Structures are given as C-alpha cells and as structure tokens.
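Here is the structure we will look at.
As written, the chains take the letters A, B, C and D, and residue 1 is the first residue of each chain.
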Amino acid sequence: MIRALSITRSIHDWLYSSMSENMAYFIEMVLIAIVYLAIFAVAGLFLVLIERRVAAWFQLRIGPNRVGFQGLLQTMADALKLLSKELTGTEKADKFLYNLAPYFVIITALMALAVIPFTQDFQAFDINIGILFLIAISSIGVIGILLGGWSSNNKFALIGAMRSGVQTISYELSIGLSLLTMILITGSLQLSEIVEVQKSGWLIVQGHIPAIIAFMIYMIAGTAETNRAPFDMAEAESELGAGFHTEYSGMKFAYFFLAEFINMFIIAAIATTVFFGAWLSPFGITESIPILGVFWFLAKAMVLVFLMMWFRWTFPRLRVDQLLTLEWKYLLPLNLMNIVIMALIVWLNLTIQF
Amino acid sequence: MGSMKDSKPTDMTNQKLQELIGSWFPNPEAKSIPDVIVEDVIEEGSDKKPTAETIINPSLLEFSEEGSQFLNIFVQPEQLHTLMSELKKNKETYFDYLFCLSGVDWGTELGVVYHLESTTFRHTVVVKVKTADRENPTFDSVYDIWATAEFHEREVFDFFGIKFNNHPNLKRLFLTEEWEGFPLRKDYVDEINMVIK
Amino acid sequence: MDTTTIETNFRSEEYFINMGPQHPATHGVLRLLLTIDGEIIKKVEPDLGYIHRSIEKMCERDTYQQIVHLTDRMDYLSSNINNEAVCLTVENALELEVPDRVKVIRTIIGELTRISSHCLWWGVMGMDVGALTTYFYGFRDRELINDIFEETCGARLTMNYNVPGGLMFDIHPNFVKRTKDFIAHFKTKLPEYDKLLTHNVIFQKRTKGIGILTKEDAISFGASGPVGRASGYSCDVRKHHPYSALDKVKFQEALKTEGDTYARYLVRIQEMWESLSIIEQLIDNIPEGEYRVATNAVIKLPKGEFYQRVETARGELGVYIISDGVKSPYRLKFRSPGFSNLSLLNHIAVGGKIGDLVATMATLDLVIPDIDR
Amino acid sequence: MSYFSDIYKGIKTLLTGMSVTGKYFLTSRKGAITQQYPDNRATLKMFDRFRGEVIMPHDEENRHRCTGCQKCEIACPNGTIEIIWDRGIDEETGKKKKKIDKFVYHLSMCTMCGLCIDVCPTDAIEWGQNFENSVYDRTALTRVLNKPGSKLMPGVED
C-alpha cells in the first residue's frame, strides 16, 4: 500500500536525522501546529462563506457575490475588516477574564481538530482514547462562553452565558451516550480503529436501526452543542441582542464567530468518523488512492454541515426550558434505551456486515 | 350606530339611555322648588319661550346630542367616578369598553372625553367632564373600571397636565420627566420646536 | 431539604434590564424596562416617546387635506386605512356622499394593505421566534402588494392616496390584473406559511398557552383587532360599524377563544384568507364612475364633534375631531390600536420567560410610530 | 404511547418545514428576489406614477406652465415650496401681471404627499422619476425648478 502522506514521513525522517531528538520533536510539533492553524483559518473562513451562500439560497437571495470570483474572498475581506477594528469593551469588565475568554473557545476548537482523521495517517495524534478526548475537549469550550458572558459586565451577555452553560452541560450527555452506542460496535475509542472497523461497512449500516436513532440524537445534540439555531439560546438575537458576545468587537468577536463554525465542522467530522466511515469511500471505489480519502471525508462532513445549516434556516428557536425538556425527557431516555438495544444487537450478532 | 349582525338587538335608544342614566343622579333642586320654573317664565315675559337655562334639569347630569353622533353626558368631576362605575356595572347599560379617552383643552376649561361602548348591546355614549382649574386640574381615575385607562390617562397627564386621583403610576409617558409645560394645551408655547403657519 | 431552606440558601434577586430602545425584538424604538428574576419576567414597563412627533398638535394647525398625509406616518404598515379613516370622518362631517367606485377601491386597497401588513408581521413573527427565513418569504409576497401600490399610488409605504372626497387619482389600468395575479400567487404561498411555521412543533410549543388574555381583560384593556379577536371578543369594526364597501361583502370575522399567542397568530393567518376573499368579491366589479367628488379648496367642517372608527391591520383606529368651524380641527385625537394593545403587555407577559415576552410582543404586532403618534 | 406518537408527529412537522426551505434552495437561482441595485440601473424602470421628486417640465423653447398662483405653496404641509414672484409686463397685452421669478423646492423637507401636484391648476409641476437624491451637502437639496430665463407658456392662463 502506498503511504498516503509519505511527504510527512520524509519530513519526519529528515528532521530526526539532522538534529537532536528533542529539537526535532519540538520543531515537528511547531510545524504541525502551523499546519492545523492554517486548516483552522481556511476552514473557518470557508465555512462562513458557505453558510452565507446557503442561507441566501434558502432565503431566495443571492448572497455575497462581489469580492473576488462569486464572492470567494468575501470572508477574507471581512476578516481583514475585523482585524482593523477597534477592540471595545465595557469599563467595569473583568479585563483579564474578558480577554481570556475568546482564547478558551478557540483553543478547544483547535485541540479537537487535532484528533480528527482526515485520511489515512493524516491525523495529528492518534490517541487510544480519541472519542473520550473529543467529548472532554468540546465541553471545555463552554467555559470560554461562560467567562466571556460573565466578565463582560452586561446582563444580556450574562443571561446568554448562563443559558449556554445549562445547554452544553445537558447536551454533553446525549453526545456522549449516542457516541457510546456506536462504540459498542467498534469496541475501541481510538479513532483510527473505529475507521478500521468500518472497512466492513459503515457503522450506520452495521448498527442499522439503533445506529440511525443514535445518529439523529447525535445531530440534534451536536447542533445544540455548537449553540446554533434552533438551539442558539446563548445568542438568541431577537431576545438577547447578541447574547454572550454582546460586548466583544473586532478580532475577539471573530474568534467566537470562527470557533462556532469550526465547532460545527468538528461535530460533522465526528459524525463522519463514527457513523459514515470517515475517509473510506463508498463501496471502496477509491480504496487504492488513499489521498482521495480527504475528499471523501470532507464531502461527507460537508453534507452534514449542510444539514445543520438547513436546520438553522428552517426552524424557530426553542425556549430555554423546552431545550432542557427535550434533552432530559426525550433524548436521554431514548438514548439509554437505544444503548440497550444496541448492546443486544451486538451481543446477538445482528449487525450487518459486508 | 346600532346595526349589528351578531350581537343582541338593542332596544336602547339614546332617549331611553338618557332617562335611565339621568335617573341615577336626581337633582335635589328639581323636586324641591318646581315653581321656580314657572316664576322665571312669568317674569321674563310672555313673548319668550322657556330657554334651556330656565328649565331645571331633573338630573345633575346634562345631556346633549347636538353636533355629535353620540349621546353626550356632561358630568361634574365629583360625580365622575360614581357615574362611570355605574355605567359599567348596570345591567342595562353595561358599558364595558372604553374605546377612546381624550384630553381636550376647551380654552378656559380643561376636560376629558370618554367614549364608551357596550360590547353586549353595542350602544355608545360619550362622557365629558370639565374643570376650570387650569393650574391644578384633577379628576378621579377610572383605571379601576377599565384597565386601558391607565395608559390613556398617563397620556392625558403628559399632554394636558390633568392629574388623576388614585392612578397607580401617574408620570410622564412620552415626554421626559424634566419637560416643562403640557404641549397639547392651547396656550403652550415652544418657539424652537413649534412651527406655526 | 424543604423549600424554605432552599429559599434561604439560594436567595434569588430581581434585576432590571433595559430591552430597547435599540433591540431587535422591539421593532423600532420601544424601550421596555424589564424586572427579571433569572429568566422569569416580573414586570414590564414600556417607556415610550422616542419617536413622538405630536401629530395631534400638528393637526391642529394643518388643513384637513394636509392631515391625511400625516396619518401615513402613524401606523405606516396600514397607512392607507389611516388615510381612509380621516377622509371618512371629513366626508361624514360634510355629509358628502362619495361614489361607489371610490368606496370599492378604498376597500380593496384597504384589504391589500391588511394583507401586506400581515405578511410583514408573519415574517417578523418567525424571526422573533428564531426562524430567520420566514422574514424573506413574508417580504417576497409583500413586495408584490407594494408594487401594486406603487403603480397606482406612486409610493410604496406612505401612499397618501385618499383625499377628502375620494381618491387623488384613478386606479392604474394594470391594477385589476396585478391584484388578480397577486391573489393567485398568494393562494399558493399561504399554505406554505402553514407548512413552514404554523404546523411546526417547535413553533407551537413556543406559542401555545403563552401570554393568555381572557375576554374580560381584552375588553377592559381596550384590546382590538386580532389581539381582541383571539380572546373571543368580537371587535371587528368592519363587521360592527361597516364603512366604505364593507357592508356589501361577505366575510367571516376570525374568532378564536384561547387568547394565547398561538390564537393571535392563527387569527392573523385567517384574516389574510378573509381579506383575499373580500378582494376577490370586489375586484371583478369595480363600478364605473367618478373617482373623486369636488370639495371646496379650503374644507371647513361644521361645528361639532365627529368620530370615525376603522379597522386597521392592528385593530380599531378612532379619529375624533372636534371642530369649531374653521379650516383646521380644534382638537384631533387618534385612538390608535397599538397604544391600547401595548398597555396589556405587562398583564400578559408577567410570569413568562424572555423568549415568551418576545413571542408575545410579536403577536401584539406593535408598530411604534402608531403608539408614539 | 402518546410519547412516541408525539415524537413522530413532531419530526414529521419538522421535515415538512424543511421540505419548504429545501424546495426554495433548489429553485433559488430562478426565484431570487434580490435586486442588485446599482448594477441594474440600465434596466431599472420606475412605475410611471412613481413619486421621486417634484419637477417642472419645460418645453424646447424653455417655457414652463407655472403662472405663480401659489396654490401649491399654500397646499404644502411642510413649507417645501417657496415661490418668489414679481410683477412683469406681459409681452402681448402690455399689462402688468404676476410671474414667477424663482420656484424654490426644498427636497429635504418634501414628504412626497402630492398635494401640490394635485392642486396645481395648470399642471405646471409633476412627479419626476429620479430617486437618487443623496448628496453630501444639504443645501444641494434646495432647487430652483424653473430654468434660468424661462418664460410662461402662452395660453396657459386661459
């Protein structure tokens, strides 16, 4: 089998041969960090553009089409504008926490990105607790939102932050449990192994009915986790103005904004990895060219991202107590039941395998 | 104003309304000295017919339909609240809908005009109350009878400076607290903001 | 742990929050002083006057023809009905009989205005509960009505098409065709509104049982229009005191008894259907004739008091003119529907959450210039 | 069991809603309602009754129809129109008569109510279609509608 990204391997070998081990290790880390930052920035800007175009098409509009070919540079221009903007804030804000909050959000998003298997061997680090790590990291992001809302010294921001806290803590459960359902099939938390298992059929096919239920629950909980409509309690622009980031401007606001989109991508990427066979092509049609795995991975993730956009541009927002009702009265019991069914299916060997 | 399709047919004409409402406030003078009317007529001479002033109203209220499509009731400020609650409560009148409450500056007097409708019988009256006190005009609030009066009375207070007793929250509604004067009064002057043609 | 211990250990404090004057949900410059305990609303106090122009005072100096155009700027979403109200008052005072053609055209345009206002309301209602796309669908259909208006009246929003004595000019030759096209178009779009929002489970959960207004309270607070009718209070001025050609058409008064936010929503949707049916009954037989009766260049109303009630898209608009026989009114009072409807906000919003307040306010359909006349 | 039927019904209504937006997503190219305004100047045509601004049409010999009767000035609710007139000598009859010197129109105060045009007995003023009236200085909105050296069209006053 051809090494998918032999270029990384050769860089790795060259670094280790030309300098001391510690030094090479350090430089390698820096290089990978730069690569992922680039992915982060490009993906973030690209997703914002897609969101705007998709929203426009849902709403019978055209969308941004002026900057660059068909508006491709629009978000780039927006980012430049945000960079040049003044960073305002409230006078009585807790300055340290206020400035810290956006970094919390953006760093967690970046960390989660690191374990996602874009294609074979294209994964920053493949730890054996992959899924657990993802769940753990994605729940740290809410601390940033809470800090931001709390330290802004604005009541609207505070309400938004509190709502977000309530929401994320609740929906963590559903995300975790629905992924746990799938782990019953794979028997491993390591993402590369989860992909390996799917070579005999994507998990959503292998696990059939309970897997589909788990997927639906995961998508609902994932949308809630990213604070997107219909669960955008934390922002809720018709209720709270701008919610937790009311007092943020310029690049600090852009961090929150980008992180929201990266989180959306991460949720879609996890779903792709766990339910839809990550970079595996459908029916193995491009099995021999692993570099195409990136294409398949992104294509699947994009379909899921589109689904989340479709939700956002169709549904009204839930109220904060209904949000919790949905989680605790519907999703959680269904999820627990689903785990039992899945366990039975795995135990009785009723999974569909090719 | 009485052709309704889906409400009870009203047999309450303005005349009947006037008699009924008038009977709630009998004029003590009208009964005690009935001959006054006769004396007046005789003294003024035979060529003059009895004018409106010479006939003593049997009620403390005054009624008029002149120059208006509704029956107008003129009431003294002291009787305002009693009259209003009776208009609302009485089974035959049952004016439960206060659809317009306007302050009016009559030049020398300040007044409030209440337009009332009954949603059951669909008849309408207009109640008018006036006071000559321009410095400190005060009427009773009807907020406890019709809840909508709370806002409308605040509006009247804001623009005419008419105070309402027992109003729960009588303060400026549209204008700022420090605004001087009451803009809709006829003697209000504001040389900067008012364009006079 | 019993409740008293919880209360002593976790003391909750009420706090103030300023909603507006710059807030997406207040649709203009309305400021609400909210007293909140957590998310629960304890008190709502509207603070008005941010765009008060004192139209009533301006009317005391203007001629009757000039007053009409000021009413465009009150409730700008039903400007044509406002114009009609003033014109009707003046015509009644002068005992002027306007031709049937004028009456029919006024009614058609009034109902189109109502649909256009409800379209905008529907879009904004969706946006207030978080479904942003409805806004564009509502505006798409409203745009067609605005085109009809622009072609006939020359303006999209502040038409000033009515004058005392009739209409400023005759309808455009394309008017009938465009209106028919619109009816055909809108009949296919209204079911879509239902699919997208009315039947949506989230939307129903957000609105059912929220902001309940009983019939007694509705009457006491002077609620009118869809707000009153959703509480089972039959208050359609078009039915009870028909004006223009409204006594010639058949339509159902949209009545619901629940009195909650969802009922107010449904009443408006049904009103759009009823308005369509009114237009359909009239559009094919607009009588021929004059579009205007000549009046004096300077209109002087006789001495007396005149009151005219019309049903705007928001409810009952009353025009109360006290005339002392000169070219301007002595006192002119507009009884605006929004003002009375706003006064009941505190009554129905207390106890709900912030999200409920926004949804409730959306169904009150407040237009701030209408309140801040 | 109503628990599960609620879930089923709920999901069904959500999918119905998504079908509506989905349909528009697919047909959006055709049905886009956006008007790309400055780009479509060439094709953008206002309705013939559109109220953009008040203009005074002149014929090719630089003549207008305004007799200076000032009815529009009186009818205007906002003081938008100011007519500066003096008495000139009529060329044909030799009599002294009123004629306009300047017809001043303050666009910044105009509410487009149309009362001036409605009241004009000689149809001297009418609606213009131009709506691009933004300027950097407010004084540019004060216009003199009659062109310099323009005269009254003969026969208008009869």
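Note that contacts are C-beta pairs under 8 Å (C-beta built on N, C-alpha and C of every residue); 3 or more make two chains touch, one makes a residue touch a chain.
In this text, all values refer to a predicted model and were calculated from it rather than measured experimentally.
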Chain separated most widely from chain C, comparing mean CA positions: A
Central chain (distance from its CA mean to the mean of all protein CA atoms): C
Chain A-chain D separation of Cα centroids, rounded to whole Å: 52
Distance from the mean Cα position of chain B to that of chain A, given in whole angstrom: 68
Where chain B and chain D are represented by their mean Cα positions, the distance between them in whole Å: 45
Rounded Å distance, chain B centre to chain C centre (Cα mean): 28
Overlap residues in chain B, where contacts from two or more other chains coincide: 197
Multi-chain contact residues (two or more partners), chain C: 62, 133, 136-137, 140, 196-197, 200, 202
Contacts with two or more other chains, residues of chain A listed in rising order: 58-61, 313-315
Touch-based graph of the chains, sorted into line, ring, star, complete or other: other
Full enumeration of touching chain pairs: A-C, A-D, B-C, C-D
Chain C contact footprint on chain D (complex, rising order): 9-10, 13-14, 16-17, 19-21, 24, 33, 46-47, 49-51, 71, 75, 77, 111-115, 118-119, 127
Residues of chain A defined as touching chain C within the complex: 55, 58-61, 155-156, 159, 229-230, 232, 236-241, 313-322
In the complex with chain D, residue positions of chain C that touch it: 62, 65-66, 68-70, 72, 133, 136-137, 139-140, 143, 147, 150-155, 158, 160, 163, 168-169, 172, 192, 195-197, 199-202, 297
In the complex with chain C, residue positions of chain B that touch it: 1, 4-7, 66-70, 72, 96-100, 102, 104-105, 113, 115, 119, 122, 126, 146-148, 150-152, 155, 159, 173-176, 183-184, 194, 196-197
Interface residues, chain A side, partner chain D - complex: 54, 56-62, 310-311, 313-315, 330, 334
